[in-house]
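A, B, C and D label the chains in the order they appear, each numbered from 1.
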Amino acid sequence: MALPAHLQETFSSEEVRFLVENEPIKIFPRITTKTMARTTSNNTKSHTNNDSSTRHTLITMNKFPLNEMIAMKSMEVSLWLALLLKQQNKCNIIIPEWLTVNSLDRYVKYETKYSDRFSSLPWNWLVLSKILFEKAYDDFNDPVNELRQRIQDLRELRQVKVLKGLSYLNESHLQLDNLSLTEINELRPFIVGTMNKLREVHSASLDHTETNEGENLNIDEDASFGSANYDGSRMVT
Amino acid sequence: MYGDLANKLVIEAKRTQQLNGKPNKATKLPMYNDEIVRNIITEVNQLKQNAEFLKENEVMSQSENKVVKCQYFVNSLCLERNKRCLLAYQRLRCDALDSMIWENNGMDSSNQDSNDLSHEEQEYLREYADLITDLKVGALSDIDISGSLTPPSDVFIDVRVLKDAGEIQTEYGVFNLIKDSQFFVRQSDVERLIQQGYLQKI
Amino acid sequence: MDVNIDDILAELDQDTTAVDYKVDASSSQNAINSTNDQTVLNSSLTNTKIQPTISLEKDYKLLLRHWQNERFSPELLPYPHLLMERLLRRVSTQIESIELISMNLIDNDNVDTSKNGNNLNMLPLLVMEAELERVKFVIRSFIRCRLSKIDKFSLYLRTIRDNEGGNDRSINGLLSESEVVYHQKHFNILLKIFNNSILQHLPSELQAINDTEGSVNMIDAPDWDKFVFVLVTGPPNSNFSEDPLLIKSQDKFYYNVTVEELNEDIELTVGSIYVLRYSVIKTLLTDGKVQLI
Amino acid sequence: MGYYDIDDVLTDACEIPCKFKHDIPGLGYLENNPGKPIRNNSKLLLPLWLARILAIVGEDPVQEDGTMLDDAESIPFVELMTPDAFSAKVINAIKADPVSLDVHSISPHFFALAIKWIALFNDKELAAIVTELMLQRAQEINNHASSVTIDVKRQIDITGDNSTVYSTNAGNLGNNNNSTFLLTLDEFEKRVYKQAHESYKDAKRWMYHK
């Protein structure tokens, strides 16, 4: 198969991370590139080989962020780019507001208070926190281990609720507001697998004649065999 | 009973499916069961003769209509069933052959013992490999469609040189790998050197 | 170097003109619908006065959305012809650019690898390469997913084609050119092995592989009622007042959908996440008002 | 589902007790009596692919004298009898304790077979029972699937270096003590279990692995 079986029903965790990496995040550049860029682009186009800045273009962004950087002036870039710059010591990542001890404490409170709903954590909270703990731990003001503990608490609190919610599986629909992508993705095979089968059972119990087997049964075109009522032919022992 | 052999074949297919069900494991096929397939085809021919016999009879004896009809039905259903089992078996194996081609980056040399494949399957494998090769050079040539399905992460990495390795040439110029120096390089350029113990990922 | 990078870029801009105009200026009701793509292209060619907005960013986001939708929908979705054309051209141009720039770097002996290779001159190139790998990955994964569906619904897709009176128009809307070729060729070799190892040994009346009259239908169709995870996004242009299907009540917007089999109405609130039967949201998906996640 | 679906092909092979309603010469091979006739009212097991069709087709409604038979009078070739899988005994066991029921031993394709059986008679009562059974067991399946033990503690107090030890239990069906339940799963349940388990494992591996 052109797509391996384990990718046919769901995303891998790496793919979820990939999606999250496309989201914007704020950084403080540690270098200034903006003026250089302006001189070259405002002057009549220079075609000297040394001037490579005009040649740098990206295909998923309208601007080339690397030419827009001013040291310590915050700007927004895709997470993957922020991580690459960070790795090169060219920026600090501005940790999002929600990822502080104070704010997480409020989320924990909410999750504890309401047993039947999820707090509105960002849809990428699990992935983003994990990435930043790993790659930008020196950009946090709060102690990372305390943050990590709270993320773990949130994770467990929500898992308990998810488990409870799963007893409401049915053949119609579910509403799962504020569930993050990681949580959705890990639950997907179970929820989809079970609900599909519940649907099949329910559907089979309905009397939609057009889908009854045997209705389009015509083993031999030139014989027109009559069909009898199913119910009449059943014998209950 | 008619259809029993076909069942055996499908149970075998089920086993193959289970063997290949685990992620990140190379697809493999057991020996093509030529014997059962041929025996089912023999059974099919038997059923076909029965059908012809019944058809002649139907015309001749109107009085035994329902008997002939019942016999005819049973016969047709057995034929149909055998066909379905044969096709399901072959289709499962073809899907597995497809997987092998993709896993091996479009080549038909895999760890599959080609003696375990029927002649038709060997031919199919070659033809599918050719098809993928053609696909790679067309409009999608820049994409490398048989490449990795794991998202790129850490395209570039920091490495430390563990033992002198001389100069290497990359797209980014020449790197002189002297012990204890550090470089920022494209991971794919140095994969081999890491494996061989010259470099260490930091 | 005879090729001037600016020429390439200029050409690229020109190429994207017609189509990018569409992304922004079309009613974008059908931002995801490829047949609509086609019409808008034609009209924009005759009307070149309209100022195009080139949005590389939007195109990439659209690609990600197509990728996710394709991965989770039970059916094969229409190929986004123009979007893919633009993206593939950009990839190819970018590969050339990267080659030129890196050659240039080496020529000028600009690369100072002695100090950690952390050269500022190199960084932009690294970024370009990393981005390129990402785009290539999504396109690759997207196409591979489509190919596996084309295989799965090989016969079903053929019947769609044959039902269109033998012309290939509808299937050409659904598939890209390379996909059409792949579909046809793979079908042929599959049919060949079926014939050689099985069908030719069966009585002629049993040799069909598209028999729908037997006790089991031979043509596997998509499971239209399969459950999918849906995020309700609202109209693609976020123009909530212009979407006739969108209902406003108190402080929320929602779509009303019906699960026919259960005779049950469901309110789909913008911003909410649901697990639903695919058939229920199929139209909303085509119109870009919901997204599969 | 589908023509090429191996599990569906196997489900169709499930045997259903049937009673023949006509004397049919030459069909003795169905009950291992080749060459002999099948007698009216003789009981035998037939695979579903054969039984379900013989149960709906039968004697031609047009009689030899040219008159039509009513639907009710046109007797199908066989009558289907309730298979053991849905016998009163099993139904009672389902109602008593769905989670400890050994579904696999009743039929490896229990749920798929149930769906086909329910569809034959639009049997709402059986559908309700099967739904309840599936739901109750689903919770248990999910509990097992999500129990991926990872040594989290070790990792939490170290910020930079996270050497994670993780192991999965129940990775293979039936290799440890709390897997008795897993041995009772039918093919559908097994598939859901495996896919769910892989999914939880993948998420956890990613979360706790550098």
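Some points to look at:
Simple rule for what comes next: a contact is a pair of C-beta atoms (placed from the backbone, for glycine too) under 8 Å apart; a residue touches a chain by one contact, two chains touch by 3 or more.
Protein names from UniProt, one per chain: A = DNA replication complex GINS protein PSF2; B = DNA replication complex GINS protein PSF1; C = DNA replication complex GINS protein SLD5; D = DNA replication complex GINS protein PSF3.
In this text, all values refer to a predicted model and were calculated from it rather than measured experimentally.
Using the average of C-alpha coordinates as each chain's centre, C ends up farthest from chain D. For the pairs A-B and A-D, the count of C-beta pairs in contact is higher at A-D. Centroid to centroid, with C-alpha atoms defining each point, chain A and chain D lie 34 Å apart. Centre to centre, using the average C-alpha position, chain C and chain D are separated by 37 Å. Chain B and chain C have CA centres that are 26 Å apart. Touching two or more other chains at once are residues 1-3, 6-7, 12, 14-15, 17-18, 21, 84, 88, 171, 188, 202, 206, 213-214, 217, 219, 225 of chain A.
In chain C, the residues touching two or more other chains are 91, 105, 118, 125-126, 130, 134, 137, 141, 144, 151, 214-217, 223. Touching two or more other chains at once are residues 21, 23, 69, 73, 77, 80, 84, 87, 91, 95, 98, 102, 149, 151, 156, 184 of chain B. Per the touch definition, chain D reaches chain A in the complex via residues 17, 19, 52-53, 55-58, 60-61, 71-72, 74-76, 78-82, 87, 111, 114-116, 118-124, 126-128, 130-131, 134-135, 138-139, 141-143, 145-146, 152, 156-157, 159-160, 188, 191-192, 195-196, 198-200, 202-203, 205-207, 210. By the touch criterion stated above, chain C contacts chain D in their complex at residues 215-220, 223.
Interface residues of chain B, counted against chain C in their complex, comprise 37, 41, 44-45, 48, 51, 77, 79-80, 83-84, 86-87, 90-91, 94-95, 98, 102, 118, 120-121, 123-124, 127-128, 131, 134-135, 138-140, 142-145, 147-149, 151-152, 155-156, 171-176, 181-186. Per the touch definition, chain A reaches chain B in the complex via residues 1-7, 12, 14-15, 17-18, 21, 84, 87-88, 219-220, 223, 225. The touching residues of chain B, counted against chain A in their complex, run 20-21, 23-24, 69, 72-73, 76-77, 80, 95, 98-99, 102, 149-151, 153, 156, 158, 184.
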